[in-house]
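After this come two complexes, each holding chain A, first together with chain B and then together with chain C.
This part shows the complex of A and B:
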């Protein structure tokens, strides 16, 4: 499985504490919101990277194991999540989406998080287009249907909803609680 | 900065010297398991919070005590110790091999002499709370409940010019990987297992059965097997030289065994009750109980060994002084969490999976959690 990330850090063959020391350094060099992949062979890095992410406030997305190599995915926290003054006015709560899914309605869910976030858990059937690529890829989405835009907390999807409205989409709703509070079914690409 | 071995660290802990331990593992690992003992003070700050510097902790470390920095394997504690050194701390100690080495270190303690010559030693696995036994007479030895680090026994035997003839597991272990098969490979010892615990094992073994005594050193020492189910269905105790009762995980000094590590608590609670309250009750009160575990360093006596008279345990051990109803509740409700990776450890001990040495040591990390405290 290959997950698209902004930066790949090779910490293979390095013993503790080096994988975390290098991760910390790499994290300083990427932009807020970007995702890095840390490759390590030290098994202890699995628990430590989660603990470090928690203490440093970055978002730990998940890890995969391929043979001897552990791949950890982290997203840098930062200002990008700060809410803008004027929010997109059309919103729905998570609960409403769950009801529609339960009822078997044909809804389009657009997930604008980074591919790595999507990989480690998304609403079944959601389409993945990261916010950064949305402008170029908007023609992949049908303008006729009702579209629910989701991200982790409702901030990136707020920006995405505004962008789409400007491009002529009429029937858009921002899912305001987002995946961080999602209690409905989850699908993983693993 | 100075590296000290797990052996040297154990000597410090057991000698009850005041010691300040800076544990730089993550908080979960520390919460799960740490170096414990008398007069030990801990500070847990993960190494990744100290990468930029140690300023925030220097005021929290006393300068009048020995300072030992520990981590999982050694690397992170060395990094932190170097920084402390630069910050003006003198003689900072670092645990060589980290908590992994601590978990594996075995300390031999002599328990006593046997009637026709020979002696019995307890190998205390200080970091993990496991106890194993080395019974020797006339140039031959029998090892009971061997740990995975078998070189400790082999080196000990070589020093005393003794041949290891038998290795016995009192039951199929769920908290640590048995050294039984490894010892058999390296020394050609015969490996004995209780057949009822060995139904699924993937290798040949000698059945350990009541009525079939083992001999060490010609016929100078008799090792009698007593079927004592409860912790597991096959659990078997050993009476050595009519003087020592090796109880495995059935009876400890301050607690009793738990009957649920094979997922059958309800079924085995009655067996455990019967073993403790009938089978053991009928044995000689003067027998010295030698268990396969201890939970607290308070169980270590002045010589660093764990032992107690059976008669004293019938007076003082809560697990031997409960009515049936209380007992049933104690062994089936609110049990402590199960040992780390206990299913995988059981599979390994049955020969169903064969993890590499590194993985085995990861599996064994953490407390043993085999006991129920009344």
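This part shows the complex of A and C:
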């Protein structure tokens, strides 16, 4: 399985502490919000990367194992996302989505996070279009249905909701709590 | 948020060098502010020539192939990495005087002095 990322770091064959040292360097090369894939053969890198992400404040998305190679996915943190005001007026709480799923309602859930974030856990049936690609791919979404836009914290989905409204979508709601507080069913692509 | 780590390096074998520089680079990569104070035999670890051929402690020579097999970075590589990550390398002035060593016998980019050493020793010291 390959997951689309902004940067791939090859740390295969390197021993501790090189995988995290190289990861730190690679993080400097990407923009906040972008995702990197770290390839390593050092078994300890799994625990190291998780601990490193925790201490450095970046978002650890998950890891996959392909033979000898571990692939770790990290998203660079950025304060822009946290500080930005959410001001799209039409919002829903996570709970409402869970109820609609339970009731089997035909709703469109649009997940605007990065592909790697989506891969390691999303709402069942959610459509993945990262915020950066939304403008070009908006025609993939039906204008007639109710659309619930979700991201990690409700910030990117706020921007996405505004973009879509400008393009003539009428029935859009931003899921304000986002995946970080999601307690409903999760689907993983693995 | 920046954690401060102070390491005292007082022994001069290859194993000691790995203990010091692995901990230092890992901590620095995790955004800690790291300073290493090199004293007595620890000065070997930053001596221009000596740090390239540090001795393996007697009786452990067989580990040499393990280092190669596991592709463990060399000490000069780790030192360079540590400096790139902003690890402060401080040589003990007193030991240098006792051993008649000059600053130019050490790798580039080190600091010398007791003043600086005492100021960086304020955070939790780890003795290696």
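Here are a few things to note about the model shown:
Operating definition for what follows: the second predicted complex is superposed on the first by the 185 of 190 C-alpha atoms of A that agree within 3 Å, B and C clash if a C-alpha of one lies under 4 Å from a C-alpha of the other, contacts with A are read in each partner's own complex, and residues count from 1 in each chain.
What we mean here is this: a residue touches a chain if its C-beta (ideal position, glycine included) is under 8 Å from a C-beta of that chain, and two chains touch if they have at least 3 such contacts.
Keep in mind that what you see is a predicted model, and the values were worked out from it rather than measured.
In the three-chain model built by superposing on chain A, chain B clashes with chain C. In the superposed model, A:161 makes contact with neither chain B nor chain C. In the overlay built on the shared chain, the residue A:21 is in contact with chain B and with chain C. In the superposed model, A:55 makes contact with both chain B and chain C. When the two complexes are overlaid on their common chain A, residue A:13 makes contact with chain C while staying clear of chain B.
Contacts of A:44 after superposition on the shared chain: chain B is touched, whereas chain C is not.
None of the stretches 23-31, 59-67 or 95-103 of chain C clash with chain B in the superposition except 23-31.
Residue overlap on chain A between the chain B contacts of one complex and the chain C contacts of the other covers 15-18, 20-21, 24, 48, 51-52, 55-56. Of all residues in chain C, those touching chain A in their complex are 3, 22, 25-26, 29-31, 70-73, 81, 85. Residues 15-18, 20-21, 24, 43-44, 47-48, 51-52, 55-56 of chain A touch chain B in their complex.
For chain A in complex with chain C, the residues that touch the partner chain are 13-18, 20-21, 23-24, 48, 51-52, 55-56.
For chain B in complex with chain A, the residues that touch the partner chain are 26-29, 46-49, 51, 71-73, 75-76, 79, 358, 362.
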